[in-house]
Amino acid sequence: MQEFLTYGIYGTAFFLMLLGLYAALVKKNLVKIVIGLSVLDSGLHLLFVAVGYISNGTAPIFSPAVVGKNVVMVDPVPQALVLTAIVIGFGVTAVALALVVRLYRKHNTTNIDEIKNLKW
Amino acid sequence: MNSLVLLLLIIAGGALLSYFGHRINQLLGNITVFIVALIIPIYWFTQVDFTETVSLTISGFHLEWGYNMYGKLFSMIVMILSPLALIYAIGYMKDQKKLATFYFSFLFSILGMTGILMSRDFVSLFIFWEIMTWSSYLLVIFFGKDVEKTGIKYMVFSALGAYAMLMAIVIINNNTGSMMLADYFTAFGGFSLQTKLLTGILLMFGFALKSAVMPLHVWAPGAYSNTPMAYTSVFSGALSKMGIYGLGFVVVNLFAHANMSIVGDVLAWLGAITAVLATFSAIFQDDAKKLLAYSSIAQLGYIVTGIGIGTELSVMAGLYLAILHAAFKGVLFMAVGAVERQAGSTDMTVVSGLVRKMPFTFFASLIAIIALAGIPPLGGFVAKWMLYESLITNGNFLMVIMIFLSSTAAFLYCYKFLFGLFLGQQEPEFDHVKEASPLMVVPMILLSLFLMVTGAYPGIVLKYIAAGMTNLGFHDVSWQMSVLTNTWGDSVNFQHIFLAVVVVFVAFLIFLTWRGYKHSTKVSTKDISVSGEMIKPEDNMTYSKDFYKPFERVLQPILKWKINKYYDEFGKGLEALFDFMRRIYTGNGQTYAVYVITFLVILLVFSKSIFGY
Amino acid sequence: MKKVIIIGFLGVIAYYLLSAFASVPFGADLIKGVKDFYLDKSPNDLKVANVVTSIVVNFRGFDTLGEVTVLFLASTALGSILYRRRSHDSGLNPQRTAPEASALVQTGAKVIFPFTIMLGAYIFIHGHLTPGGGFQGGAIIATGFLLMLVSYRKFFIEHNALTWIEAIAGSTFVILGLLGLVYANNHNFLENFLPAGKLNDLLSGGIIGIIYVAVGFKVGAEITGILDTLLTVKETGLDPEEN
Amino acid sequence: MVISDPVYFIALPLLTAFLLPLFGKIYKPLIGIIPGLVFAFIAYISFDLYLNLVPGKPIVIQLAGWAPPWGINLVFSEFSGFVVTLITFLAFLVWVYSYNFKKVGFDNSKKYFTLLMLLVAGSIGVVLTGDIFNMFVFLEITAISSYGLTAFYKGRDSAEAAFKFLLIGSLSSTFILLAILLLYKQVGTLNMAEIAVKAQSIDPKMKSIIAILFMIGLGIEAEMFPMNGWVPDAYSQAPGPVAASFAGMLAKSGIYALVRVFYTVLEVDGIFDLLLIMGILTIIFAEFSAMRQTRLRRMLAYSSIGQMGLIMVAFSFNTKAGIFAGLFLMFNHAIIKSLLFLASGFLTYSTKQKKIRDLDGFGKIMPFTSLMFGLGAFAIVGLPPFSGFWGKLNMLVATADSNLYFVIALILLVAVVEVVYYFKVIGRLYFRQQHKEVEVHKPTWNAIAAMSVLAIVIIGVGIYPDLITDYLTKATNELFDKASYIHNVLPNLSLN
């Protein structure tokens, strides 16, 4: 069970990451590349949360129901980190989309192969 | 204040003052330059205390400045030739643009040379070397022609030489823990053979490059002829001697005394080959500047040969030739500059018969040519004599033949130079030409007087050379004021020869003039008989054209072999390679991302060999 | 071909990274690290029930300041990237050419909008007690505005107001931090200087709640601004500076 | 301690950035003036703090009232303080230069100064922070503001450059995050000092994977070879002063992070050999590409990469001499490249193509700017008596001390290439006839002031390098002495 969860959940996260990476590396459409980066980020965030999980842990919130009781809580640090990472990912995606808009306006295409005025 | 520091400050201050003087107006600038040109040698000869040293620690490096007799010897070249050239420049560069930059760079290169000769450690040697290099670079491309070709070539070769030196310096520092020249010399014996060769050859590479030794000479013809002539006289006369200075202490101090004379021999051979090939090239130049440039290379070849052999006599010959070369090449470049300025061209197929128009220039050139060709009464003869003698005693007969061949061939270009520019018939288009201004003539005359005096009394110079050679490990070098003795016991007194030759020459001159006036008929240069061929107006029928045509035909196979071409091909190959390499930046963002991933994969796969796990 | 190579590369990466992560079995509590300290101090010292919140806003508050900055940065960068001389002065308002949504959508949006805003506000106000916080709440508020933007062609957001909200909320965060330098016990930046209160009280946790409210406002305003910029700017005419 | 607190380096620019729109509403010119005041102030406090730093006693600031392993801390040490002082100094000069560089209108200059301020704050944050995740956050701030600034001008290919930058930058952040995650799961802490203590116990295989991920992530920021495709584009498309700040801040914080991680946080055998190889490849490819550039700014950008490669090589020796040389090169690169970019900003002000051959004879018509460019070129190729020379000399001495003669030869051969392309430009500037009808834009007084200050620093350090060598030595000692860093950050920790 442990083995399965390890590979299953990590594997899902990695699958997402690699999927995103694949899109970012292979797809020619700028928007798809941005989506790929987004998916890559999501996979990474999932990985973060997964790594922070502790078996049979509850959410790290001392609500009145758990105060005083001896409960296992999951590691709160990755959750805090992932919050930051999500926001940063959001910011990057927004900027990327804005750049795509600019590029489309200038080149009238979203094919990354046709956008290489700057080279060598 | 320490006189050495003050000397450097005077030169640097002079550079700045001349710069700002010329920014304000030309007259003020010229006066400043003139005063600076006088102050520098006067200060050096009267005020500099040669026993003083300066030592300072900068950035963890110990720097030390101080003269030794060897450096002083070379400093004399710099301190006599450069001020004269500066004064000459005032006349030569009159009404040119960007004079501020010119004099600034000029004085900074003097600063560089002065500094090199007083450096006792490699760091300051290198610093001054680089200052000298970049200031001379600015002058090489001063007129803006051939910036790309000549200028870049000069800079590339200079950089190669300087960086070779730098590499040697840091390796020395690694091995001795010190940057002092003296420490290197003492520690040299204890190095492994590999380190000995590596450091020594790298240093030699740097120095040999500045003295235009054979495979490294390709920058010189262009650089010498492109530079304003006022500076070329210093460039060829003094700056190239910095290379000789360095070669002197590397070859003689290290290899000759460490039983590794093979290195010196190789250098000597290179010098001899340089001398022969450069002489041949000089013969077929139509541009007087180029001719002198090649001749400079050839002369430097002799000097290098002398130094390379590394015996007492040969080194003495080399050093003596170095000093003479500074004087006569100084005169010749100045003379060509004067012709250029007055007649508007230095092409020997165009300019001719200026002897009547520019008698003083002609006189100075004549003296210099005599010295250069090694014709008896003047110093060149003495120097070459000593060189032959040292080569013969050393058993290098083949080298003697080569040097002799090149000296003889040198007569051809000497004659061509004099004849092409000054003798022969004067074209009407040069009727307006006048003698150059006194500012230009006086330095030439002074230098040629110096040549005459050293012809009669070589001892004046030999005294300093002998003193300088003590720093190369030759103690008690014998010399005589004006008597040349050889190892076989013959001796010749130079004063007598000098006087005899002068008397005969003057008498002959009077005779010729007298006869010449009686029997000459005036014809135009265009009055040439041709057998049935039509001469078109654009055909250049001047007698200086194809001066040595038959000879050229004989030497064709040798001359075709141009090392320059190989360098050019190599450069082109490199550019193509660079162009190929930069294709890696394809411009496609995705490709860059793929590079990142590829790099990651490579690292992951090879992590075991990189990190051991 | 390229695809195959890249898939191969990705496979290699997956293999190595998975094998690295496999040594960190899922759900295992392997480490004795800072988390235990946080789990201890958050309810006892700070009186903040939501440990994630206390980490985000207090223990690692500096990160959050950076996070807020990133958002601010994104909206500024977006503005600068998509900026063009819009004719504000000539009275012409920017236009969206997207078709008007159906009446059903419009009405629905109108109904949902206030509740969305309220939900968002609730989430960031209770950030230190329940799951969620300033970022989540702000994002929810922004979705409310997005709904309106999509539904109504003529729904315009007052950029001036957004600017004010952003500026005040952002500077509140920094100033609260700077006040910590003066008033708090250790004179640290971002240190709590207000009474901690009682665990699971709305008014607990000192400055944490206040900061989260500021963050909520800021995030809401910024994401709304970003969405508005992306949606609106596209349809104006071509800028003379371009091409 | 209230006035000179390292936290102001980050808090003040952020506060000002948030409030800048409001200032603009009060009085429009304030948006240009206020950033300048902030930059001047942080430059002042950085000098104040740095000059009064007690050797061996870095200023460690804890944030939010929690001592280091639990809270985030800032470390203003001899090394980080040196870099921060450099950054704030350059930031101020860049502000002076760009105060009225191009008239871009109110709204745009508001955004420009906001982004610039955040770039500065981000770079300082990367350098000061003692927390690895916090470093990531600041790296992202730096990166996003750089994307914005790169794409600042319209009508150029700036968006393209920014997109490439962003694409590579996102990969960088992904790998850094992965590395941080793995590291956290191994040691349970994010504090760099504590990681450094606990890193010894990490499984070496795991450690090597973490090191690889950091190498990729931070290598992108530090312009390492196969991952620096974005650099020439970004540098050449960004506004002139921004390119200067990229060279002076972005690249500096990148290399700082790389060095800090591999020297202090994570000790991995073999990483320095890798760094050496990658540094050499970086130099070779960059300088060779620079040689064949036809556009001035692109040439400078490639040259910048080459310099970064040189810095990597210097740091890869893992000796005191190497670090010293690396720091000297960092200083030189920041100062000289900034000068070159600032000068090139005016040289290529009006020409659309930004080609080198358009610059023929500019020495005559733009004497000051050309002089500054020439000075910068002389300095960067390492000619004495300018500061570049001492950096190079120290670098080579360090190389020789590590017995890497082959590397010396390589560096010097590549330096010849560098000489060629810089002197080609100088030859064109000064010794060519100018084209007809060139549009000339004279530098404004503030640009002249900014460039003059940089030139004075270059010449001053060139003539008397001991102005900075003392500080460099101290910084070297700080970086080399990992134990005292750990001790200063975690005074209560017993080292075992």
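Order of writing sets the chain letters: A, B, C and D. Residues in each chain are counted from 1.
Simple rule for what comes next: contacts are C-beta pairs under 8 Å (C-beta built on N, C-alpha and C of every residue); 3 or more make two chains touch, one makes a residue touch a chain.
Small disclaimer: the values here were computed from a predicted structure and weren't measured.
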Notebook entry, point to check: Among the remaining chains, which ones contact both chain C and chain D?
Noted result: A, B
Notebook entry, point to check: Using the mean of all protein Cα atoms as the middle point, what chain has its own Cα mean nearest that point?
Noted result: D
Check: Any idea whether A-C or B-C has more C-beta pairs in contact?
Finding: A-C
Next item on the list: Could you put a whole-Å number on the gap between the CA centroids of chain A and chain C?
Entry: 16
Next item on the list: Indicate the whole-number Å distance between the mean C-alpha point of chain B and the mean C-alpha point of chain C.
Entry: 72
Notebook entry, point to check: Once you find the CA centre of chain B and the CA centre of chain D, what distance in Å lies between them?
Noted result: 44
Check: Per the centroid of Cα atoms for each chain, what is the distance between chain A and chain B, given in Å?
Finding: 68
Next item on the list: Could you list which residues of chain C touch at least two other chains?
Entry: 6, 10, 13, 16-17, 21, 24, 33-35, 38, 60, 63, 66-67, 70, 73-74, 77-78, 81, 242-243
Note to self: Multi-chain contacts only, two chains or more: what residues does chain B have there?
What the structure shows: 582, 585-586, 589-590, 593-594, 597-598, 600, 604, 607
Next item on the list: Any chance you could list the residues of chain D touching two or more other chains?
Entry: 133, 137, 140, 144, 147-148, 151, 154, 159-160, 162-164, 167, 171, 178, 184-185, 190, 205, 209, 232, 289, 292
Next item on the list: Enumerate the contact residues on chain C facing chain A in the complex.
Entry: 2-3, 6-7, 10, 13-14, 17-18, 21-22, 24-29, 33-35, 38-39, 42-43, 49-52, 55-56, 60, 63-64, 66-67, 70-71, 73-75, 77-78, 81-82, 129-131, 133, 135, 199-200, 219, 223, 226, 229-230, 233-234, 238, 242-243
Next item on the list: Can you check the complex and tell me which residues of chain B touch chain D?
Entry: 58-61, 101, 123, 126-127, 130-131, 133-134, 137-138, 141-144, 147-148, 151-152, 155-156, 159-160, 163-164, 166-167, 170-171, 173-174, 198, 575, 577-579, 581-582, 584-586, 589-593, 595-600, 603-604, 607, 610-613
Note to self: Considering only the defined contacts, which chain D positions touch chain B in the complex?
What the structure shows: 160, 163-164, 167-168, 171-172, 175, 204-205, 207-209, 211-212, 215-216, 220, 226-227, 229-230, 232, 268-271, 273-274, 284-285, 288-289, 291-292, 378, 383-385, 389-390, 393-394, 396-397, 399-401, 403, 405, 408-409, 412-413, 415-417, 419-420, 423-424, 427-428, 430-433, 464-466, 469
Next item on the list: Spell out the part of chain B that touches chain C in their complex, as residue ranges.
Entry: 594, 597-598, 600-601, 604-605, 607
Next item on the list: Flag every residue of chain A that touches chain D in the complex, lowest number first.
Entry: 17, 24, 30, 33, 37, 40-41, 44, 47-48, 51, 77-78, 81, 84-85, 88, 91-92, 95-96, 99-100, 102-103, 106, 115-118, 120
